[in-house]
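A quick write-up on the structure given underneath.
In order of appearance the chains are A, B, C, D, E, F and G, and numbering begins at 1 in each one.
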Amino acid sequence: MTKEIKYTDAFEELQQIVSDIEDGEITVDELSIKVKRAAELIKICKSKLTSTEGDVNDILKELESDA
Amino acid sequence: MAENQKIFTLKQVVSSIRKTIEERYQQLYWVKVEMHKLNRFASGHCFPELLQKEDGRIVAQISGTIWSHNYERINKRFIHLVKEPLKEDTTLLMQVKVSFHETYGMSLQIVDIDPNYALGELQRERQETLKKLTKEGLINANQHLNFPLLPKRVAVISAESSKGLSDFMNVIESNTWGYQFFTFLFPAYLQGDNASGSIIKQLDAIKRVKSHFDIVVIVRGGGGEVGLSCYNEYQLCKAIASFPLPILTGIGHATNLTVAEMVSFRNSITPTELGDFLIQAFHNFSTPVTNAIKSIKLHSKNKLTEARAQFGTSSQSFKHLTKQYLTNTNHILVQHGRKLKTEVRENLFYNRSKVLRLQEHSITSSKYRLRQEQETIERVKRNIPILYKQTLNKTAIELSQLEHSIKLMDPLNVLKRGYSITTINGKTIGENNSVELGDKITTKTSTFKLVSTITRKDND
Amino acid sequence: MTKEIKYTDAFEELQQIVSDIEDGEITVDELSIKVKRAAELIKICKSKLTSTEGDVNDILKELESDA
Amino acid sequence: MTKEIKYTDAFEELQQIVSDIEDGEITVDELSIKVKRAAELIKICKSKLTSTEGDVNDILKELESDA
Amino acid sequence: MTKEIKYTDAFEELQQIVSDIEDGEITVDELSIKVKRAAELIKICKSKLTSTEGDVNDILKELESDA
Amino acid sequence: MTKEIKYTDAFEELQQIVSDIEDGEITVDELSIKVKRAAELIKICKSKLTSTEGDVNDILKELESDA
Amino acid sequence: MTKEIKYTDAFEELQQIVSDIEDGEITVDELSIKVKRAAELIKICKSKLTSTEGDVNDILKELESDA
């Protein structure tokens, strides 16, 4: 399920949460839920970055070996 | 016919004509003529047809003669100056001698032809072609075609034996990058009188199979500078300009550009250069493709690095801010706890001080009140002796006034001033108490009591 | 019995008495009774303050020991 | 017995006597009696004041010792 | 005996005598009797005054000695 | 039961009490009750914060161990 | 399928992708897709450079049939 969210959306949501925390717009009651969500988003982003990096490297390696 | 008429022989007449003409046309003349056919014979002599046209109609015609030695001289100069041999169907300025031969008849013996005029004529033809193509809007037509990204399939117009062709093929076929070209030769004359028609014919052939080609090249090499005037010819130039595929020329010469070269898609000085140009086109295609790999690699990495950095920053600040948030919240809570303490103490202190103030007030005001009361009592106390003395004094004065009045009224005091009281029987004499003669009356003075007897009584 | 009167009422009554004394509205005959009453009220108030202070201190001390 | 008269009444009577004397409404016959009464009233008032002061002082002393 | 007559009565009688004499309603025969009476009354009044003064002074002296 | 009140509500109530005390809007009679309530609220808030802090730290620790 | 795309279109599309990647206009989400597509296009373009095309016989046949 987590794979279905886009990196861009995940990152934006993460940034929103970060700025909400920074601006004090999150109550203590909401904090742990928001932090949990942020952690989830961080994981998603990391995984997306890693997989993209892998994909891109594979493709480029193949391309270069052809050249 | 009259009897006396003299009869001449033909020879006599023709000789007379010859004599007359020779007498009449002794000098040389410069004549502008169109040379229709050169008619060079094996002997080396030429017998060109000379004529003049007006509105397409022949208005004058005569045979010409160029003796072999004259022809050689004239042609050499033409090739040198005009870069063309003496050609048919051109207008020339020639120096002629009118000659009449008894058996060959009238002819113009050509002793010289002005190459500069011919050059001018060629120039004129060139201008004419340019003007026409411009007028027809064809001058840039070929150049306006899209050049294929890869000029891979090439229709070659050249001569099989041409060095230019082999130069060109050598360049494109032996390239070290493995670029694959497909060429198909359409052989043609590349110079001289037949060139134009030959090239046009092959262009027509190419046009029929143009779907197999990307471009057309016309290459010629090592042919020198002579015989290129065909490339100024209107028909050929029009065929090139209006051709549906880009035509690239590489006809290898150093003189002025011909019109054909001008209207072609691109002109290269040599076939080799043309080949290089095509290789360059492949390079132009290949380089961005090769670079694309590098660029994609670099920028993808950059993008990912950037994304990682951005993401790293966000996740760092997320951790930091979250911790800070908790610290702040804790701090605020602690502050409220402290404030509660302070405010409660202040509140109690304030209330206590209010009570103490009231205690103070109750003391001072009670004491004040008692002191006031005491003062009032003291005042009253001080007033009493005064008031009572006043009362006594007043009473004493009243009493002494009365005493004084009484004193004044005391009869004894009246007697002292010389008055006296006369009584009869202890009573004063009045209306009710009258005296009669003979009565004894007593007269009282301050000092004496006199007793007298009435001797006379007079009424007032 | 004194515990049953509220601080607020005690304080108000005390204020009334003091202001009556100040305004001279109390006769000498009433004075000692009123002063006596004021003293009683002062004692009540003080005692209330002291006991409140004690209570509050206990609560706050407990709070701090938790912290 | 003198203790039973109120300060206020005593003071009013005293004032009445003083004003009567002032207004000359008292005969010589009554004068010494009235003065005698006034002296008595003054004594009563003073005594009341003194005892009140004592009471007040006692109360206050007690209050202050509590503080 | 003289003590029994009140100062006020004595003073009134005295005033009556004076006013009677002034109004000439008293004959010379009565006059000396009246004057005699007046003198008597004056004596009584004076004595009353003196005794009152004495009494009052005693009271006041006592009052002041108390103060 | 105390767990059911939200941090935000608890904190607001606490703030209200503190500001009421500050504004002198709380009588001495109410004071100890109010302080008791405030102490309760502080405890609730602390407990909420502590548990949130625990949750958040767990999540962050997990995140870091992933990194 | 990839063969069906014209090399000119492939070249253009490739350049577009390259410039998009260079301009940073591609999100992480699109990156691997775009790189994959670019690799495909690069292959098409490269093969075009070295492929053999044109059939002499066809041309001759056509030329003769027309003549």
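The criterion applied here is as follows: a contact is a pair of C-beta atoms (placed from the backbone, for glycine too) under 8 Å apart; a residue touches a chain by one contact, two chains touch by 3 or more.
Source: prediction; values computed, not measured.
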Taking each chain's C-alpha mean as its centre, the one farthest from chain C: G
Among all chain pairs, the one with the most C-beta contacts: B-G
Centroid-based (C-alpha) most distant chain relative to chain E: G
Inter-centroid spacing, chain F versus chain C (mean Cα positions, whole Å): 33
Chain centre separation (chain A, chain E; CA means) in Å: 129
Chain centre separation in whole Å, for chain D relative to chain A (CA means): 98
Residues of chain A engaged with two or more neighbouring chains: 7, 11, 28, 31, 35, 42, 46, 49, 52, 56, 60, 63, 67
Of all residues in chain B, the ones touching two or more other chains: 293, 296, 300, 304, 307, 315, 322, 326, 329, 337, 340, 344, 348, 351, 359, 362, 366, 370, 373, 381, 384, 388, 392, 395
Interchain pairs in contact, sorted by label: A-B, A-F, A-G, B-C, B-D, B-E, B-F, B-G, C-D, C-F, D-E
Touching residues (chain side chain F, partner chain C) in the complex: 27-29, 31-32, 35-36, 39, 42-43, 46
Residues of chain G defined as touching chain B within the complex: 7-8, 11, 14-15, 17-18, 21-22, 24, 26, 28, 31, 35, 38, 42, 45-46, 48-56, 58-59, 62-63, 66
For the chain B and chain F complex, residues of the former touching the latter: 315, 319, 322-323, 326, 329-330, 333, 336-337, 339-340, 343-344, 347-348, 350-351
Residues of chain A defined as touching chain G within the complex: 6-8, 11, 48-49, 51-52, 55-56, 59-60, 62-63, 66-67
Chain B residues within the chain A interface of the complex: 290, 293, 296-297, 300-301, 304, 307-308, 310-311, 314-315, 317-318, 321-322, 325-326, 328-329
